[in-house]
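You will see chain A twice below: alongside chain B first, and alongside chain C after that.
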Partner chain A sequence: MNKLVYLGKRIALAIPVVLFGLTMAFLILYAGPLDPVYSILGRKASEADIQRLLVDLGYRYPNGQEVPLWDQYRMVMTDLFTLNFGQSWVVQRGRPIIDLIGARMSATIWLGWWSVVIALFVGIPVGLFAGLRANTFSDYFASAGGILWRAMPNFWLAVILSGLLSAGGALSFYRDWGADYGLATKVVGTPPEVNNLFNVIPLFDGIPVLEMLFLPIPELQNMAVAFKWILPGALVLGSASMGNEVRIARTAVLESINSKYVETARAKGVSARRIVFKHVGRNALIPLLPIIMGEFYLLIGGSVLVEAIFGINGLGSLYLRAIFQTDIPVIMTLTFIFTIILVVFNITQDLLYTIVDPRISLDDVEG
Partner chain B sequence: MSDTNTPNDSYDGDQSSLTSRLAANPRPALRWAAVAAVLLVLEFGAFIGGTLTVLHALVLGVTGLIAAMLGLTISKGIETSINEVQASILSQIDSVRSTAEGIPTLLSRETIPNQGHRLGPDGPWAETFMGLEPRLAWLLRVTLIVVYAFVVAYWLFRGWDIFRIYYRQADWTPTDDIINRLRSHRWGVFGVLIILLFLTMALFGPALGPTTVEANIQSPYGHYVEYYSNETGQVENVTVGNANFNSKSKGAGTNVGPMSYDSFDRFHPFGTLTNGRDLFTFMMGGARTTITVVGIAIGMSAGIAAALGMISAFYSGTVDLGVLTVADGITSVPQLLLLIMVSAVFAGHWITNVLNGGFLLAILFGLTGWPGLWRAVRGPALQVAQEEWVDAAESFGQRPALIMWKHMFPYVVGYLLVYASMSAGGIIIAMSALSFLGNGLGVTAPTPAWGRAIDLGQNYVSTPSWHISLIPGLMIVALVTGANALGDGLRDAIDPETESGSGEQTAAGGGA
Partner chain C sequence: MAEEPVLSVSNLQTVFHTDKETIRAVDGISFDVHEGETVGIVGESGSGKSVTARSIMGIVESPGEVLPGSSINFNGRELTELSDTEYEQLRGSGIGMVFQDPQQSLNPVYTIGNQIREALRINQGLRGAEAREEAINLLEDVAIPDAARRLDEYPHEFSGGMRQRAVIAMMLACDPEFLICDEPTTALDVTIQAQILELLDGLQEERNLSILFITHDMGVIAEIADRVNVMYAGQIIESAPVEDLFANPKHPYTEGLLGAIPGEQADGESLRTIEGDVPTPNEEATYCRFAPRCPEAFDACDAVAPAHVSVGEDPDHTAACLLYPEEQTEEERVSHHRSLGAKSRERPAGDVNE
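Showing the complex of A and B:
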């Protein structure tokens, strides 16, 4: 089957899935026992104010009649799918949601990026190492570490780590590390440098359309500071996936190292390094793929707690604030964005499967 | 599982019923039953009490839900009449429970009391078991209870063994192999032991703690403790609430650490919380809540997953696609976000009164957890649906429901068990995360919940009061590791060929 046809089919199948997920969220938020009017106006609101607000929020028509749930649903869904996200109700009343998200996005992306990268660059090598040295002390140590590491709740690790990093804690020296190079940082809160990671140089200043193209020059000093600042959170956020990666990489290596083609390669004199990277490594990657992709899933949920504990002003903490303050449009928009991201990653994962392992046909990965 | 004899299946004459086999050779069964009876009598009250507590919550939750649904759709009258029925059932359960808890049990806090007071500055202890130090009395009781629980578990297993050796018709069934493989699987056995330990905590929690949830946490001002006061030089009487107030753990200066006494002669195995309550008692209460919620949630999602898995495999085509869409739709919203959303929406709603918020959590985990299990079951179910025996049953006119139950379910149930135990870890983690966030999410205060203890100790990690956050977290890690180990063991025992990572994601609790 052609890859494009397959892609089209997957996207067509994804539409009802996304719609179902969002409908569920809509019903919970709009038909459930929430009272946004109370959370905006408080207890002592006049009847007229309440009426005006209800019209404003789209619960009532200007003539005082209630908007049926079905019409609210149609309005909300059309707005979402036309990317018309509207304004925040409570968190920052009246501010366009797209602004709110834009301002907080970079912190979450920075945190998420490093959590994925650190987990990959620690978890996979450790797993490969353990697999190549199966049933030695170092293997048991690494495997046990992986098992415990993935059983630890993120939020607990975050609490313990932030406690140790705080003043008077065993790791409080971390904050002053590299002070000579301007790297003294805090560990709680959003690193302000996160918005200035790149120096944006416009390429075609003044020329219409083309002026949107730009060259991002990395600001290394800012990146180093922001990295050091966010590292504890990223470590915690990647912890569960790191444990998984150790386990899966280990078993994958064990499986492929005993296979005939590795034996053949060894017999014809291929170097050990080449065997590990070319023959074992690539095959070990196949079962790792869903884990790596699954990391994004864990990341979205985990960012809520990690950001809350480390005080990072990102999308996760925005979600939590919106939930506690009944800011329905913000919740709906974030749910929409996260859902779309997840579905896109799912489809990418299945496509990547067929690239990494050509034996898997496109029919196999369906469903 | 699939191997017990069903007499109505008999095709030849030499099948005898279990009762006749028991009558022919009663000795092993009688010997087993005698020991079992002794074990049961020792702790009869605790067993009945525990069972009835769960039953009470289930009746309350289920009838409440039915009433609310009918009240919304049909009429308010039905709702009130159901509520009346509910109240009468509940009061009956309550009365049985209170008489059951009145039965003296051997390993209770009354027979081996640990709460006492000194008679002088270094003086002997009064009112504790044989005048022992409270620490020793408590240790003795805990040891006895844990030993007892493990003996009971062993004896139940022994019962199955005796049945297999003396009374089962078949010499061998596939279950024998599974159990033998699990027995020699050290990692799996470790998981079984950990799970048993936590079940013991949940069941015997009230007797394990140095004090009770009721006296120490729920109504501390309605209970009293006696202690030897160094200031007045005599034994004084104070409410538990006042004693708690002066035994807080809040960093340097005011701290009651693990394995120490507070100034009211009370012993705290895990130290105290920031509000002076006993952390060990709190953890035992939390174990009961956790195990109940996880049990209901797993049961619910496994039930839904099994039913839908077999239906989608049996009918396939459009039905399968429909279930797939719903399952994907539920998982398309990140689970933790969905959980936070729903619990926040229902915060303060009447449903959070059932099981102190645990019931809502259980339903939520059940409804959001089944897609993962369904995926695990669907493959094997599709395979078995294509077997000849299913075709045969269909062609001689057996009803689809019966085919699924008799010819497909036994094949699928193993996979269900494996993935259910693997997803238990995720539920435990996500549940404690919700309680950690607080603000009306999770289990409502003051009912103990592990996540809340971690939240309370958040600011004291680097102080002498480090125990508040650390110990509950370690217990969660232990339980989750145990559940994962059990899952690994079961997987290797049921199907030694497979080695896959599909259970990995579910074990992480959606990133909590």
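Showing the complex of A and C:
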């Protein structure tokens, strides 16, 4: 089967997944015991105000009759799928949700980018190193580190790290680092200039598109400040994946290096270095792929937590605030975006498999 | 055979260190391979055949170790003294090896062509179109039809027999002087086995290859080998030209092995087996390791290590067994072996072979 045909099928199959996820969210938010009117108007609102608001929010018809749940569902879904996200109810009442998200997205992407990069560029090399020196002291050291790092839950690690870094003491060098060059001595909060690092430009009717990494990099100092502020959060967010990558990379290397094809490669005179990079490397990538892709799932859940603890004003903390304040359209929009991202990564992962491992063929799908 | 052997192994000892004990997987074996000759090594699983091959290739991994005092001489070079990089250069162009399991001997994520061209580049310096041309020739040499198209396929698209041919083609791409075949036909069915053996025979004639052929299959050995070494628990216990070995097996173990070939029995007679298993050789041999399973064992077998003595008419036919030399009395034989054993402890064991 052609890759494009396969892609088309996967996208078609993704639609029910997205629909199901959003339906669940809708049922919880609209049929559940939530009262957005109360959180907007407070306890002392007059009956007339309440009635007007209920009509505004789409719960009642102007004649006072309740809108049936099914009709609400149809309206909400139509709006989401036509990318008509509407306005925030509570968090910043009246502000278009697209603006709200656009303003916060860059902080989250900055956080996510570094958490993936740090985990990848530390976890995999350490795992390879440990696998190539299996059962030596350095292997035990690296493996134990990987397990320990993996075992620390990120909410705990985030609290400990932010505490240690802001309390000063032995780790205060990090807080003070770069102060001489005018870098801020803060480790918690939204990196101030981060919005300037990416150009969020409106495209089509209001969908922001990131021109990340394509535009000339702005001032290096801004970059350094933003990096310094985001590093603790990124480290925490990537911690579990980093530990996983160490362990899986180690196992994958061990399995591959003891295989017959490596022995055969040695028998034909391939050098030790080339064996590691050509013959072991690509085979070790196969079990690593789901771990690497799995990082993206962690990012979405993890960013809610990490952003809340490190005071980063990104999508995660927006999500959390929207939930606490019953800002239903914001929750629905973010759920929609997160679901789409997950589905896209899932399809990407399956396509990547066929590239890394030629034994996996799309022909067998669907019989 | 007056000329110098291509490969001369003497007193090779390869041990594996475990927490509990040291396993003497190969325990002082000696043999020669001459140019254009096929020497077979037969034995049960666990007798040390494959470890012998890996020791020659220099790919014994920790916790394994080739003990000092072992000698592997290849065309006048002492392999046990080579550095890692020197060994890397020797592998492929000097000594090639075909492994037991063709299903797993090829890297699953690269095409057959890629892997053959890699061998061509490293050992013959061929690149690009030239390498591709040569790779097609090699696949045709090992009788793979439609070679040009097959070159771009992955190992999983090849059948078992095809894969073993591809592995052989890959080893030929190294243009080795000496080829070690470690049970190359064991994983294949009988008709494919015969084809591979024929192929090896033809290639040997064409390129004047010397081959060390390892198998547990007496039938395969009869077909391909010029000379046979029978291994048991890390030691060679009988060594003879192939016809002589099959016609006049001398060691009780060899007799047992030949008796265990299906189809050699008279009507109604059930297939004979050798009772018991190969022991794990974890201490120095001060006795005959086959004694516990030997139908002809006597008391001295548990106390004296047998040395190689000439048996039969051909002076090249030797066996390590206290039953020989036949013409002597039991007492004479035992003291003869005892004195040979004492001598071999003073000198490298290899000398006893000659």
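As a working rule, the second predicted complex is superposed on the first by the 331 of 367 C-alpha atoms of A that agree within 3 Å, B and C clash if a C-alpha of one lies under 4 Å from a C-alpha of the other, contacts with A are read in each partner's own complex, and residues count from 1 in each chain.
The working rule: contacts are C-beta pairs under 8 Å (C-beta built on N, C-alpha and C of every residue); 3 or more make two chains touch, one makes a residue touch a chain.
None of the values given here were measured: they were computed from a predicted structure.
After alignment on the shared chain A, the placement of chain B and chain C results in a side-by-side fit free of clashes. Angle at chain A between chain B and chain C, computed from CA centres in the superposed arrangement: 80 degrees, to the nearest 10.
When the two complexes are overlaid on their common chain A, residue A:145 makes contact with neither chain B nor chain C. Of the two partner chains, neither chain B nor chain C is touched by A:58. Applying the stated contact rule after C-alpha superposition, one finds that A:125 touches neither chain B nor chain C.
Shared-chain residue A:155: touches chain B; no touch with chain C.
Judged by the number of chain A residues each one touches, B leads among chain B and chain C.
Residue contacts after overlaying the shared chain place A:311 against neither chain B nor chain C. In the superposition on chain A, contact of A:323 is made with chain B only, not with chain C.
Minimum Cα separation between chain B and chain C in the superposed model: 16 Å. By the touch rule above, chain B contacts chain A in their complex via residues 324-326, 328-330, 332-338, 340-342, 344-346, 349, 425, 429, 432-433, 436-437, 439, 451, 454, 457-463, 466, 469-470, 472-473, 476-477, 480-481, 484, 499-502, 504-505, 507-512.
In the complex of the two chains, the chain C residues touching chain A come out as 57, 59, 84-85, 88-93, 96-97, 99, 101, 104-111, 118-119, 122-123, 154, 156, 167, 170-171, 173-174. Note for the complex: chain A touches chain C at residues 259-261, 263-272, 278-279, 282-283, 286, 356-359. Residue ranges on chain A touching chain B, taken from their complex, read 13, 16-25, 28-29, 32-34, 147-148, 150-157, 159-160, 162-164, 166-170, 172, 237, 240-241, 244, 247-248, 251, 255, 287, 290-291, 294, 297-305, 308-309, 319-320, 323-324, 331, 334-335, 338-339, 342-343, 367.
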